[in-house]
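See the structures that follow.
Shared between the two complexes below is chain A, which has chain B as its partner in the first and chain C in the second.
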Partner chain A sequence: MPTTMVAQSLASGILVGALYGLAAVGLSLVFGVTKILNVSHGELLMLGGYTSFWLFTLFGVDPFAGIPLSMFALVIIGLIVYQLLFSRLIKLPTEDKIRTSLLVGFGLGLMLQNIALRLWTADNRGITPSYAGAVLTVLGVRLPYVRVASLVIAFVFLLALQLFLQKTYTGKAIRATAQDWEAATLMGINVHRVYLLSFVLGTALAGAAGTLVAVGYSVEPVMGLHWTLKALIVLVMGGIGSIAGTLIGGLILGVTESAAAVWISGNYRHVVGLAIFILVLLIRPQGLFGAKEG
Partner chain B sequence: MTIKKGISLALLVIGVVALGLVPRMGASESLLNLLILMFIYTMLATSWNILGGYTGQVNLGHAAFFGLGTLTARMLYTGGCPLPLAFLVAGVVPVVFSMLIGVPAFRLRLRGDYFTIGTLALSQILYITIGNVLPKITYLPMADIQNYQILPRYYIILALTVFTIGVAYALVKSRLGLGLVAVRENEDAAESLGVNAFAHKLLALAVSAFLGGLTGGAYAYYQPSYYFNYTFSPPWSLEPVTMTFIGGVGTVHGPVIGAIFFVLLKEWLVLRVGEYHLIIFGVLFILVVLFLPGGLVEAWERIRRLVARRTTVKATAPTACAGGNNLPGN
Partner chain C sequence: MLELEGVNAGYKDLQVLWGVSLRVGEGELVALVGPNGAGKTTTLRIISGLLKPTAGSVRFLGRQLDKEPAHRIVEMGIVQVPEGGRVFTGMSVQENLELGAFTARARKEKEQTMKWVYQLFPRLEERRHQRAGTLSGGERQMLAIGRALMAKPRLLLLDEPSFGLAPILVEQIFEMIAEINRQGVAVLLVEQNVRAALELAQRAYVIENGRIVGEGSGDALLSFESVRSAYLG
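This part shows the complex of A and B:
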């Protein structure tokens, strides 16, 4: 096998893997803090992609410049979804909360997928600004500019989130709540506000990820389940609550899929990720990088 | 209690006999098709409910069991295997498969959500793989298609449905069934009383997989042609959950009511709003999960109790209505 081909598949894997990481970090944040397992995360990501698609085709907004707008749209959607649905589960015991949130998210996903089907048809949609086809060639490896830019933006988002959670007062409140919500309450933290903030932050990150997916790849109504599974795979690999772990998990998944596409068959690239997922789930349920749960 | 039991049994027998007589009363073919659809959905929801409802292990990949059942039954039947054997093997294959996830997940005592997303992932693996390996349409044997008989299919699937509900009922009323509910409600407490949670969960999974596969067998025998991977597609995982919750999760009659309601509402909605019906089902499902976790069965109970209370209030002193209206266990 020629080395450029190996390098190419490695590079493609890293490029898509960063997006897997970004998609997963939103889900991970929400789950880690609120114990809501929102399986409609992929559908929310899809809505972010379609928001950018609309902004671009209807108003000519550049997709990268439009990221704040698509995040804002997802903040609004996140607020509505949280207040109407998930906030009702907050007081349940953890096991029940996870189970019920799975069911609610699953119904919500079904709903959003079909709404998207009505609004945007079943076609594959991509965003194609003038620079969409431009490619950077390094040692024979072709790197589309938009995907490289997406990689950089994904890294920036993850770094910013890390700094926010570590350095700011609000970030510390979020981490405190994730660790022990009762103790956090006693310390005067408004836990309900932290939950709302975390959820909305998670959906905003889904919005950003959706935009990057739409510009580097494409969006379609049935993509939700696919991206939810990617995020779950990364979540299980990286462990909950570790942003670095999530990023590494995303990159590993992306590279493994690319390798599988080269050495096995392109048809099975998504199966390989799922198979790894099952194995990790069964062998090391706390995640490859996660600490053992109590 | 025994009188109540006798009445329900009598109603059940009358219902089955009536359903058996429907074709004799000059029912149209489309009505028979609608009933067969209800039977298949009843089987699907009932099989899901044994694990998801009674044992509390939410399976979001039931399509894997259903799909393996269709695949096995179709392969065997078109290969000339006698029908009863094809049905039997269609049930056994998913059981073997279900152990792949069930044994490790339940032995490690993983939290329920690990099992749930594991089943989701497994069903996707099968859906993609079958689509790659068998990217074509499957047909019933030529002789069957040329001379497609709906009547034997109607009766056989009716019999399978009665069998499925019967198994669910027998299981639930047995000692094992009580164990399942105990494990769902509090695993540690159940174990301390000598209930082997691992064995109970595994048994529920096996029965659920067997009946899910049998449902697939019924579908494969009924449907003249479909894509091989169609029966593994996500809707076959979503619909049994939706029907069971709408009807009443964790009860024997809930999935039956849910399936009938689901098929009728779907028929009605498809005619009026077309593809929008899926959005409506999504909304309905969320509403039931959040506000009426016991589904239609619970709604009925609430109404009945409300009426009963009204009448007792009238009969006795007004202070009698002080009792709370506690919800049933789930």
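This part shows the complex of A and C:
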């Protein structure tokens, strides 16, 4: 096999893997803090994609410049979804909460899928600004500019989130609540506000990821479950609560899938991801980078 | 300062507290002693607002507490050190202390309070950058108390601070509690280590099966026949 082909597959894997990481980090944040497993995360990501699709086709807003707008839209949607649905589960014991949130998330996902079908039809939609086709070629490896830019933006978001959680008072309150909400309450932290904030932060990140997917790849109404699954695999690999772990998990998944597509067959790429998922659960249930409890 | 009157409380169908009344005066050190499962921790959870009473009233500095959410009660000046300390193991000692000063009232004086806490517990200053999860049991308890002090409490609630510690450490922790109290912080101390608690406290309540069955000065209870036979052997 020619080296360029290997390098090309590695590069494509890294480019998509950064988006897996960004998609997963929102899910992971929400789950880590609220113990809500929001399986409609993929549909929320999809809404982020369609938001920037509309912004671009209707108002000519550049997709990258429009990221804050699509994040803002997802903040509003996140607020509504949380207050209407998930806030009702928040006081349940952890295991009941996970189970119930799965059901609520699936239901919500189906609804959002159908809304998307109505609003945007079943077609694949992409965003094609004038620079969409531009490609950077390094030693025969073709790197589309928009995907490289997406990779950089994903890195920046993950770094910013890491700094926010480590350095700010609010970030520390979020981490404290994730670890022991009752002890956090006894510090005077309003944990219900922390839950709301974390949830909305998670949906905002889904909005950003959705935009990057729409500009680098495409969006369609049935994409949600696919992205939720990727995010779940990455979350399990990276371990909950480790942003660096989530990013590396995303990159590993992206590269493995793309390698499987080259060496085995395109049909097997998703199988490989799931196989890794099971392997990690068997060998290191706390995730590759997750710390053990306690 | 703190007044509980006829408090009933419980979990689902299980009633734990039956008409509990007690009070803690300004600057007082009061102990609440009794056997396991008597309702000591539940009483503290009621005061902290983690659990709401089904009947009766809780008042602090003249204000009704039973409707206030727990985080507001911290802001008012009641701070609980939960059983086992429950420090944030994934964070550094210093971060734990910073989180203690989360309320707006405490945050303003964070730097001075931290100096005071480090004076009380020099061991914590030595380990300020260490992860709390790597501390020993005694150090964790010190951190939990220090973290609570960061909130500038007017009333400190301590749930079994001696639990699981070696006797020498228990002595140290109790000396610290006395010192904190001398500096003007009222303390409500829940303990199974009855003798030590009664020796330390100015007043004490004995709780059994969710009811207050005895009240008096620490010394009086120490010589009280039923307390002696039940707890002191």
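The definition used in the following text is that the second predicted complex is superposed on the first by the 292 of 294 C-alpha atoms of A that agree within 3 Å, B and C clash if a C-alpha of one lies under 4 Å from a C-alpha of the other, contacts with A are read in each partner's own complex, and residues count from 1 in each chain.
As a working rule, contacts are C-beta pairs under 8 Å (C-beta built on N, C-alpha and C of every residue); 3 or more make two chains touch, one makes a residue touch a chain.
All values derive from a computational prediction rather than experimental measurement.
When the shared chain is aligned, chain B comes close enough to touch A:R118, but chain C does not.
By the document's definition of touching, of the two partners only chain C reaches A:I189; chain B does not.
After overlaying the two complexes on the shared chain, residue contacts for A:A275 are found with chain B alone; chain C is out of touch.
Touch criterion met: A:L232 reaches chain B, while chain C stays clear of it. In the superposition on chain A, A:L110 contacts chain B only, with no contact to chain C.
In the superposition on chain A, contact of A:K167 is made with neither chain B nor chain C. Between chain B and chain C, B touches the greater number of residues of chain A.
Residue contacts after overlaying the shared chain place A:R88 against chain B, while chain C stays out of touching range.
In the superposed pair of complexes, A:L37 makes contact with chain B only, with no contact to chain C. Here chain A touches chain C in the complex through residues 169, 172-173, 175-176, 179-180, 182-191, 241, 291, 294, going by the rule given at the top. By the touch criterion stated above, chain A contacts chain B in their complex at residues 37, 39, 85, 88, 95, 98-100, 102-104, 106-112, 114-115, 117-118, 225, 229, 232-233, 236, 265, 267-268, 270-271, 274-275, 277-278, 281-282, 285.
Here chain B touches chain A in the complex through residues 56, 58, 60, 101, 104-105, 108, 110-114, 116-118, 120-122, 124-125, 128-129, 132, 234, 238, 241-242, 245, 275-276, 278-279, 281-283, 285-286, 289-290, going by the rule given at the top.
Interface residues of chain C, counted against chain A in their complex, comprise 48, 50, 69-71, 74-75, 79-80, 82, 86-91, 95, 98-100, 102-103, 106-107, 133, 147-148, 151.
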